[in-house]
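What follows is chain A paired twice: with chain B in the first complex and chain C in the second.
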Partner chain A sequence: MGGAMSTVMVLAWRNLWRNYRRTLIMLAAITVGIWAMIFMAAMMRGMTDQIVENTLNTLPGEVQLHHPEYRRDPSVVNRMPAPSAALREALAAPPAVAWAARVRVPAVVASERDSRGVILLGIDPQKEAALGSLPEEVIEGRFLADIDDRGVVLGASLARRLETGLGKRVVLMSQDPDNNVADRGARVVGIYKARLQGTEDVFVYSGLAVTQAMLGIGSDVSEIAATADDYRLMGDWYQPIAAAAGPGFEVLPWPQLDSFLDSMLRVQDGFSLVFMVVIFLALSFGLVNTLVMAVFERIREIGLMQALGMRPGLILAQVLVESIYLLCLGLLLGNVSAWLTIKPLESGIDISAVAQGVEKMAMGTTLYPALVVQDMVMSTVVVLGLGLLASLLPAWRAASLDPIRALSRH
Partner chain B sequence: MNVTWLLAWRNLWRHSRRTWLTVAAMVFCNVLLVFLISLQLGSYTMMIDNTLGTFSGHIQVQHVGYLDQQKMRQTVPAAAELAQTLREQQGVSAASARGIAFALASSEERSFGIQIVGVEPAYEPEVSTFPGLVKQGRFLAPDAGVDSDEIVIGSILADNLKVGLGDELTFLGSGRDGSFAAAVATVVGVIDTGFDEVDRSIAEVPLAWFQQVFTMGNQGHSVVLRVDDFDAVPQQVAVIQQQVADRAELVVLDWDALQPGLRQAITSDMASAWFMYGVLIILVAFSVLNTQLMSVLERTREFGVMLSLGMGPGKLARLVGLETLMMSTIGLAFGVLLGGLLVWYLSFAGFYFPGMEEMGKRFNLPERMYPEFSLLAILWGPTTVFLFALLAALYPALRLFRLQPVPAMRAA
Partner chain C sequence: MSAITCTELCKTFQQGDEIITGLNKVSLEITKGEFLCLSGPSGSGKTTLLNALGGLDTPDSGEIQVGEYRLDKLSKGELADMRLHNIGFVFQAYNLVPVLSARENVEFVMQVQGVSAAQRRQRSDAVLAEVGLAGMETRLPAELSGGQQQRVAVARAIVSKPELVLADEPTANLDSKSAAQLMDLFVELNVERGITFVIATHDSRVMGYARRLIHMQDGVVVSDEQQEPHAMDV
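Entry: the complex of A and B
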């Protein structure tokens, strides 16, 4: 049987090149199809990676703890005590690599010229740095030194709108738990730049202890965030933290914190698969056509082989192997050309022409395509699996030919 | 029927399975293109309508620089009068003046920094959908003037401030001249748009009251316009620009300037869509190329005979071209028919795919998509496939000119 199979493989290979023009055209079609599948998947993955990272970066922490009411009503009233010893231990356990507690309340910031509604972040600069949540770039002045730093750091866009600048004073206004106006004057010690203008307009950074004192909330915080530095872990490590936090806290991994991100990731994977299947379907007509014609041309020959004692199973195998050769060659060329075209682009594609359009989706001005093995494997599986399925019909027809009738054709 | 046509038609059905498979490839691609392009155009129309219809309008008249800086001082003088003049202009379907300020809003329990919009209660419903989305209470009374302290707010804002109908809100902010502005307003309506971002931030008060509280005099920050014909926006902008030409501090902005993300979002979406369409069309062209090349190659002997009988290669090439034309026409007809039926059905039944709600919310799209049933959307894809199929037949047809009668007749 082994000998028979190797004969079949040689026969299939030779058959493939009998009509080399047809094979080459089909090969070109398969290559283009597979290249397109992988290229599109890499672009989409690059896009979603960036959206997820940008969104998580503005306030990262794949796992976050809040007062149960906080997410619906982000007020100072819905705060929680500073983490207990047990919770601190759970937050520091791997895979978590960093965590931070912050105060996050709506506020108004007023310069002598204008005022704006913002989100006031009372943070611990060291811990937030470990978490990777600080603004990418402080373009003027410095960032906050520690939790007792009395200065504030504003986004460049907000500073422009307020007509304020480095060294000038602004007034921060919010409410304390009893709904009295809580305010303090502060000097602008730094101005930051963010990837998205929306971030610059909204977030104002202030020292954690100073903010807690201004709001009169002791050592309470609004939010505790922890990261494992890999959002694809899906924050599944949140259970022990939830257990350590006990009741009275809402502990959520990021897919639940931002349902848009989560659904977008799922839509992306689904869309990649749909795209691949659609491209394959367009290809399959050509593939089936090629095989049907190949079998048709060889009816007499197949009849002869059967008359000489070749089993129908081997004839079926012969057509299938021919199809597999064609698909594998196409897969190889498609994958290689996709790799060759995407690799040079991974340093980034400038899409600043549509920057404001994509900013809605939390994307920056550069798109970084991401070629991952998963997409290459997915396209290979789709093409080989469905390809074999599509080849079954012509192969089965060839195998079920009646030798006498086949031999008497023409 | 001409002999060449008859020949072409018969040749086409010599291998009926092959022809049908190729036609099926075309029909598949055509139906897909018709569906996707209609869906795309439909979603763009909705995106534009929904984005501009909610608040920003088609055109706005503002102070130069206000769009970027949004400073209190960058005002439109006599805003309501200007809106009145523009409203009567031909081609303008609605106009309303607005003023915008930031303030700290406090209820008994809570305080939030919000953006307050002063609107003309009688005209605002014509330029914005928010007044129509009041779910509790009512919108500002149409004749609300200086003495009317009415306010409508978004539903999430109402929740966050813990206020309901009839409750009072206190505002602290600064007026146009930098003075301290404080006032109390009574909630008469709660707006629920379904978009969290809007429901969390919207607060509207009568313009006259707004002007008094924030020491604006008769000034506003923008005059919002809707036009009768969306495609005529550029002409309208030019006309209005003329009218305010004597006031150098004013600028007329079209929707593209007001919502720069919108056109770019469409552009970026188009780019990725065209990539997919291009790939599909190329694959179908390959399919046609393969079929026609094969059908030419297997007829080498036959063509040799015809050549030696005195038929010119040009005529043979026309024959092959004609075969492709017939095949592509069948593909075009079925594609347009099936695709058209599908789109026509979906254009009133709607279309949904899971996960779309969340995406839709970001782009002001409803939960169901309604593809646009238009001739352009339906014909564009199939016609391109048709042209590419004809193009693909060029190589097999041109090969015929190199054919030598005698070797061709001897070919296996």
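Entry: the complex of A and C
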């Protein structure tokens, strides 16, 4: 069988180049198709990455720890103690790169003109900076210096609504654990700009220690967030954190914290696959045509080989191997050209001219195509799988030829 | 000892509304080492009989025994294996694989049989030399004359040492000189190696080489005679 297969492989390779123009045209079509599959997948992945990362930065963190009831009722009652030494060690272990504990409670902020319901964030600015969750830009004043900073930082939109500004005083009000009003006056030390207006309206930043003191919760916090290098590498890295936290905490990775984002990623993978299948379905007509013509032109030879004792299975294999050669060459050229064209673009493509309003989709105006092995593997599987499936028809026709009729064909 | 036995072979073909009789109760016994010609006009059934003997075509009824094989009992794949290991074919048109060199065409059958590369090379070169094509091993069919191509086809037919060679109008596309050389080669192989030759032809010069001549007409054997062979007068 080995000898027979080597004959099949030699014949398939040489037959491929008998009509080299036709082969080259088909090869070019497959190459461009594969390039398009990978390029499109890289663009879509880049777009999704940006949306996910931007959203995670306002989430923020890829793993969050809460009191088990906090997500249902995010009040100060559902708080938890400051992280223990064991939990801090787990939070600092790779692949986690940063973590922060914060107070996050509903509150009211009032100026002399108006008041608004907000979420009060009592934070450690240094740790939040490492986590990447600070506002994008402080447009007036400064950001909080440390956990003892008594000032507040408001979003630009909220400041407008409250008709307040830098240097003015506001009152922060919330509830303490005994359901009494907890409040304090604070000076606006900074105004930030966020990508989404909703963020500016909702989040008010205050020092962690000052907020804990206002609420009378000692060193307790509402939320602990941790982040790793790559949101895709979530895997099970949050599980040691959950083990270190113990049973009194709810530890959730971001796909569970934001199921919409997770669904979007899955949809993107599914859409990439559908896109690849659609492209290849169009290509497969050309492939089938090429192979049908190749078989049609060689009917006498196929009859001869059958007459000489080549089993139908080997005839079938010969056409399939010819198809595999064509597909593999196309895959090689398509993957190489995709790599060569996408890699230089990974530093970013400016899409500002054609992308008004993309900020609202949590995207920036620079798109960073992401070439990942998974997409190359997916395109390879689609092309080889569907290609072989499409080749089965001409191959089966060749294998089922009657040698006498084939030999008498002129 | 019989190389081929066929009994009451019948074969019909449908051509439009007409049913044509290819073979009509043909019974035949061919012994090992025979040099036999099937003669007759076009449509007499000689090619149909040859194809049936080679397992390329299945008769409507009747039995064919080739060596130890009952052909009517074999599947398509088993028939292919039987042809691969037991029968050499030479066709009217040279029927070489155009993308393979002379040597590769000769090696083709052995390669499908699974013979080692070294053995294939040694045997194909020896057989090509035997048919007078030494030095032309690497030429593609398009670079060979008709006679040379037919010699490659003969080399391919005999290289795996079959006991039976079936040839269908092997000289039809050859000039007289090439045809005579080819028939001389057949006779030599028949005498020296004891290969059984069954040749379908309507060329009277080819018939002259046969020691047994079977004449067919309308799918029926009308005569079956032994004769004194004589070479072609070129």
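Throughout what follows, the second predicted complex is superposed on the first by the 297 of 410 C-alpha atoms of A that agree within 3 Å, B and C clash if a C-alpha of one lies under 4 Å from a C-alpha of the other, contacts with A are read in each partner's own complex, and residues count from 1 in each chain.
Convention: a contact is a pair of C-beta atoms (placed from the backbone, for glycine too) under 8 Å apart; a residue touches a chain by one contact, two chains touch by 3 or more.
The structure presented is a predicted model; accordingly, all values stated were derived computationally and were not measured.
*Asks:* Between chain B and chain C, whom does A:270 touch in the aligned arrangement: first, second, both, or neither?
*Replies:* The answer is first: A:270 touches chain B but not chain C.
*Asks:* Under the stated touch criterion, which partner chain does A:310 make contact with: chain B (first), chain C (second), both, or neither?
*Replies:* second
*Asks:* Between chain B and chain C, point out the one touching more chain A residues.
*Replies:* So, of the two partners, B touches more residues of chain A.
*Asks:* With both complexes superposed on chain A, which partner does A:126 reach: first (chain B), second (chain C), both or neither?
*Replies:* It touches nothing on chain B or chain C.
*Asks:* For A:219, decide between first (touching chain B), second (touching chain C), both and neither.
*Replies:* In the superposition, A:219 touches no partner, neither chain B nor chain C.
*Asks:* Looking at the overlay, what does A:239 touch: chain B (first), chain C (second), both, or neither?
*Replies:* So A:239 meets neither chain B nor chain C here.
*Asks:* In the superposed arrangement, does A:15 touch chain B (first), chain C (second), both or neither?
*Replies:* After superposing on A, A:15 lies in contact with chain C but is clear of chain B.
*Asks:* Following superposition on chain A, which residues of chain A contact chain B and also contact chain C?
*Replies:* none
*Asks:* Which residues of chain C touch chain A in the complex?
*Replies:* The contact residues of chain C facing chain A are 51, 54, 56-57, 76-77, 80-85, 89, 91, 93, 95, 97-100, 104, 108-116, 156.
*Asks:* For chain B, which residues count as touching chain A in their complex?
*Replies:* The contact residues of chain B facing chain A are 15, 17-18, 21-22, 24-25, 28-29, 32, 69-72, 102-104, 106-115, 159-160, 172-174, 178, 201, 260-268, 272, 275-276, 279-280, 282-284, 286-287, 289-291, 293-294, 297, 354-359, 361-363.
*Asks:* Give every residue of chain A touching chain B within the complex, in rising order.
*Replies:* 19, 21-22, 25-26, 28-29, 32-33, 36, 40, 43, 72-75, 77, 106-110, 112-118, 160-161, 163, 173-175, 179, 181, 259-260, 263-264, 266-267, 270, 275, 278-279, 281-283, 285-286, 288-290, 292-293, 296, 351, 353-361
*Asks:* Considering only the defined contacts, which chain A positions touch chain C in the complex?
*Replies:* Per the stated touch rule, the residues are 1-4, 6-7, 10-11, 14-15, 18, 300-301, 304-314, 403-404, 407.
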